[in-house]
């Protein structure tokens, strides 16, 4: 496993950390499609002030959280 | 497990509480994208009075409820 | 389990009742986001006469039906 | 099981029939939201001539087909 | 199983063929909603030249690929 | 298994490579719908500078990542 990997594992200690990983996964694809950080920063206030954009962003987190939660067997123990 | 965690577990006693947790999960990502509560409050009447925005919000809850329900083995017992 | 719960269980006797529960789940999130029934009633003709709104509503039901169907082991027996 | 049920079972003999059931499930929610068939008929040419509407409709079928396929154990045997 | 079926099985020999089947499933629902091929051909350049339409189409394939991949146990062997 | 296949397997060594495969799966469907690379290149700046387009693209990656992660049993070992 690379020391440099941004995603060495899907395992997290807690559900909260799992949720944060889901957010990270959602943002990663955005960064891969638009690698220019200055443009992403300009876009941020656009969607952060639009209700539907925020809901859509929450949806992507929700889908990724399904994956992370399953990978952690829902932190059942 | 942190006493402060907003998400200490995905376990709930009942399906109804699980649904409430799904709503909380949906809102959390919105709050992480737009941390300014005053802006979120201004956006609320916009989407709460738009049919498609409400449906979209319901969709995010539905996706999160899939996760919570699976985590609780669908409250089968 | 509360006598008052709107969601005491995900179990239903038949697939058809499961589908009705999925519709109920979809509507519940709408009601939680827009609790004012008079506003919801005003919005209803808007989306009930728009093809894409109807498809979007059907999508939320489909996602919730996945959950209900899994909870009932797809009514296999 | 009611003789009148529009959804007596999620079981189908073949994948093709399962796909048809997924289409039926997608349309059912539309019919429950807009019960007036004359309005639905007026809406049909609107979305049947719009590329994104067709894709969106295909998406709802895809979600329902996931459910039907799982219910049939993917017709593996 | 009908010799004529467009979907005799969800089994494929390889992931690549599974992906092609997912594309076929996505297109089938479009064809069932808009059976007139001449209209579908007119719509094609519309969405094939629109970025969001292409992403939306990719999403439907992704959902169907989940189903096909599960049906093939992810071609693990 | 063809030497030429763009998708010989869903297995990857690490979660990070799995995520890259999910991106590849998302782009493949776009390429199959719009095979003309010059058009795709013209569309890229359109969606790469639109917040909602980026979120939508991230969503397709998320759905494909669910498939890849499941195929790798979430890289649990």
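A, B, C, D, E and F are the chain letters, set down in written order, and residue numbers restart from 1 in every chain.
As a working rule, contacts are C-beta pairs under 8 Å (C-beta built on N, C-alpha and C of every residue); 3 or more make two chains touch, one makes a residue touch a chain.
Predicted model only: the values in this text are computed from it and were never measured.
A.B. asks: Would you mind checking the shortest number of contact hops between subunit C and subunit F?
C.D. replies: The fewest touching-chain steps linking subunit C to subunit F number 3.
A.B. asks: Measuring centre to centre with CA averages, how many angstrom lie between subunit D and subunit F?
C.D. replies: One centre to the other, that is 27 Å.
A.B. asks: Need the CA-centroid distance for the pair subunit A / subunit D, whole Å please.
C.D. replies: Once rounded, the distance between the two centres reads 31 Å.
A.B. asks: Express in whole angstrom the distance between the two chain centres, defined as the mean CA positions of subunit B and subunit C.
C.D. replies: 16
A.B. asks: Name the residues of subunit D that each touch 2 or more other chains.
C.D. replies: Only 47, 50, 52, 56-57, 59, 63, 66, 70 qualify.
A.B. asks: How would one label the connectivity among the chains shown: line, ring, star, complete, or other?
C.D. replies: Shape of the chain contacts: a ring, since each chain touches exactly two and the loop closes.
A.B. asks: Sort out for me which residues of subunit F touch subunit E in the complex.
C.D. replies: Within the complex, subunit F contacts subunit E at residues 1-2, 5-11, 25-30, 32-34, 39, 43-44, 46-47, 50, 52-53, 56-57, 59-60, 63-64, 66-67, 70-71.
A.B. asks: Across the complex, what residues on subunit D touch subunit E?
C.D. replies: Interface residues on the subunit D side: 14-16, 19, 23, 47-52, 54-59, 61-63, 65-66, 69-70, 74-76.
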